[in-house]
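Each chain carries a letter (A, B, C, D and E) given by its place in the written order, and its residues are counted from 1.
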């Protein structure tokens, strides 16, 4: 534990230091403008004189305004403590059922993510089984699965939503569909690799026992694919979350982290954007960690870890 | 309705043909390897056309492939400018910057175990920040032109590359590392002569993943502000103008460019890692 | 009981056809212990695989107990031991041995009983609950032999089963294998690279030579069924070993 | 020339310390051919690795040509051949052999010349342009030996170099190795599991036993330097082999 | 009660206060209607939604509505609660811009997604090219839906709505006298915003027509209530905002500004305004501005409002 903790803390601390430092040039122009309005002397004077100057130069010239760059209401780059405070306020200080709570929005996003992930991973596994067992499927599906991932999902997400809406599907389902679309691919790729991981010798062995296709699938291919499956599930669940967020952007139902992210940007609420951003990353980390825990458990019981 | 039924009949027929081809005599020939996916793809397109016509779907919902093709043919200059703006300027430069940055950090991480244990977990957290959230911020910072798109792509590409290069550098066996040690090789000799070549399959794995991410990243970033050219720009504005045929023409360009980029990298991979069992 | 007549096998590869077996004729009777020896690539493995119906001959005929190899496999006539132990890492030793029994549809009770029996047979009683990687290489190899024995196939095919073991362990397993064979009267096909091993174990030694793979000599062993380890210093033994070595040299790339 | 005094080595593992070497004392003189034999896990590899400064002893002293192993390695005193060939698949055979030469900064002309020479030495002239996977296992192993020979190190350390080869190829390479040793007067440390091989090759046979790894016997061979293959049937040979086998048995887990 | 689904053009905010007030105050219930209000978003085209059958009635800008009509979605304006528009262009005086003649050589932020039509019409009338900043051209950037570009110094002029982004500029510390404002209406390129549109084929159905009559009447009641009680209306809007991201202060401001736009309308479309919109669009047909190429027919009706406003 200590072996990981100390380096991580060091790196995080370094990033924090850089972050605070970066806030100064990022936010200095606004700080100078407000200071000037309040009658303080800044250099150079006049907003237009500063407009085209480099932020670094301005920062160096006006050390007195540095502290103002960490407390603005709508900064270009919010300071770490602002983000943390906002995260705290919107998770701990409001009821988790309130629409001002990130827990509430997180839950909405999470539920669509989980549904999408289950659909996507399920589809991925089924496709992989098909690909491994049918040459025709292997040859025809794989290139198109790759091509499908080169389509910008954000472009077709609104169409998917509109079309599903028109047949009466709303809210959870359209988001889950997009989320599934993004998560099936890593699962297919990993699962195909996994199902093909038994060596020819392993396969020959079950053949000498005259095992049926089904038997060699359940007793050999499937267990052998477990480590690959979990590795790709971890990527898949992260993609799934991205998919849900993308699905939330145009959907307009208004609940979920994705929507919170964007509505922050309509109103210039940078602190709110950043806190939603971190909430999403934390959610992703939790999802991946959960799968990691299941993985350790299962692989341990299988004697593979 | 008859058209819809025809679509499914077509599907069944094409699938039967593919099964025959794939399990037939010449299944390993280049021609069949190419024909099977092409037949599959063409069938999908034909089904799309038949279903759209059969159900008389309005163009503003889903245009038929023939319409998309017609629009594609008449808009080639526009599509080309958009392609240059998004792919060449945004995606490629971001891809290069992200790849190189990942490479240097990977070497840092490789030299210091402390950094590895610190950077990799933090890096994976940062990588989990959703692009749709970071893109508006980067547009705010780096402006509306391709620079902000390159920044988005750089961030998207960086972590998968870092993870793959680091994993690749660990790929050598203890024996190989010991061997080079008995020759009293320096760190850089070991890196250059042993570990980098051994890492190449991983590096290419990372490049392949990143290639699709790069294009998607550049397009997505354009949704959050852009000059008046670019694939993402065209897609988002054309939806507003209900020019869905244009939207799909751009999607076709994206899929084509993405697949070709991926295929190109796979070709180079074949050439660089000719020695790897998976390539023989 | 196993009979190959004018057996041919040609692989189609990217570089053109490779003739792995050419005009192979061999008769193996029930209860024989047949060793196959020959330089790398001479087709030993291929021949064993033909018997087990893992490979399709391109010419000639092959019958096992009067059936085709395919039918014999369906009738579960074979226990096959590969060069590496090839145990499934996600199953315990007992689980691994149970696997073919599950596939063949034995009842739970039968499974447990048979596992118990073969574990004892290979000196691994008490190790059933361990995972493969918790055992040494030699123990793993024995477990893999136990797995091939568990369902009482008539024919045991072993492809360099002891290749990876050190000499002492190998001697020990050779002794055990002979005892087992004597007790069960199985027919055994055994591939090895070691001349002493071949001579020590077999009633019949088949010497093969490559490009294309064919049989150059079949030596019937005059050694008694009862063979203590130090029979290997006896003149008869050295005599047969010499003949095998000569046969090998004749077909070998060097000299 | 190589001198180990009271050498101890303990590995710290998750399951607690493992004593791999305990109180090992050994003197190897220049020009010796020393074989190490002993059951799996007795520390043969570990000892060789200590000599090559790949492992740090935890006690005792070890000197090579009067230097520390570390210094000797920096002085490029070692050619090390690992059990598996370990050739880099992305380099041709010649490229592989050239690799240590590049690292040691030989000129291009010298590199080419040395590669030529050693390829001849191991009977691989003409195969320089092939890739490792295009060669048989035996040829790969010879290439790997050639690589260790290319830069003319004084000390050749070989860890079961012939373990994966068949008997005939092995015999052949044994002969070649002896010839090479006779010609170059190198000091050779050689790990093997095969008793005949150890006896056939060595001037000195070190028998080791495990848990913890220690030397149980050091046998000076009375065999002449000139050794045809059939010396292996001579009584002196069998006599030494017997002594080695007894020594091994004493330390082995079975019996 | 009869069910009606209304698709808005944008996210929940006071721009649509009339509908939310009508819902919250029970005006719809009183008209025996069960109304579902679907918020929009940056990538939701209401015209597409209604074509796909996802809504009965939508709010949209007339330019987009007419463009959709030309592309086969037969939209008809049935009511126009917004008398005037709030779209404007704001420039920094300090960048040297006093009047439209000063535009060339500058960078201008424009909203696309169907909102670009008035801009291109205006530029065409001014004779300014839009392919790059030089002595007679401007650089156009696709502005995201915020006021960032002018605040961050990335553009000299940006598009704003009187009731939203304009306030954001002021909040960011730029004062009113540092800005020049060009209102599209005043420049003669005004286009009707936020009308109510339905599909022509639906209007053939008497029951549907009746539903719409009641809907428009109740909605206008909502609008008038909102105009009279801006603070309460803002609170109601906030109730309906599911993101929890809106602030009361901003919505009160927005309601005040929106009230100025709706004040002059009783809900019926003024044909003169319609004519002006069509004329503007037709005056500047180009690849950049493909809104409409010919005079539309039957794009509006007074049938509903006539009945509703009785």
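We take it that a contact is a pair of C-beta atoms (placed from the backbone, for glycine too) under 8 Å apart; a residue touches a chain by one contact, two chains touch by 3 or more.
It should be emphasised that the depicted structure is a prediction, and the values quoted were computed from it without experimental measurement.
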Fewest hops from subunit D to subunit E - one hop per pair of touching chains: 2
Any chain in contact with subunit C as well as subunit D: none
Chain pair, A-E or A-C, that carries the greater number of C-beta contacts: A-E
Chain closest to the assembly centre - both centres taken as Cα means: B
Subunit A and subunit C, separation of their C-alpha mean positions in angstrom: 54
Distance from the mean Cα position of subunit B to that of subunit A, given in whole angstrom: 18
Intercentroid distance (Cα basis), subunit D paired with subunit B, Å: 49
Multi-partner residues of subunit B (each touching 2 or more other chains): 61, 136, 140, 223-224, 236, 239
Numbers and ranges of subunit E residues touching at least 2 other chains: 42-43, 45, 48, 52, 144, 148, 152
Pairs of chains found to touch, sorted by chain label: A-B, A-C, A-E, B-D, B-E, C-D
Subunit A to subunit C touching residues, read off their complex: 199, 201-202, 204-211, 215, 219-220, 223-224, 226, 302-304
Complex interface listing, subunit C residues touching subunit D: 39-41, 136-138, 166-169, 172, 193-195, 233, 238, 245, 248-249, 252, 254
Residues of subunit C that touch subunit A when the two form their complex: 49, 52, 54, 73-74, 76, 78-80, 82, 84, 86, 88-92, 99-100, 102-104, 131-133, 151
Residues of subunit E that touch subunit A when the two form their complex: 11-12, 38-45, 48-49, 52-54, 94, 144-148, 151-153, 168, 171-173, 178, 241-247, 250
Subunit E contact footprint on subunit B (complex, rising order): 58-61, 136, 139-140, 143-144, 222-228, 233, 236-237, 239-243
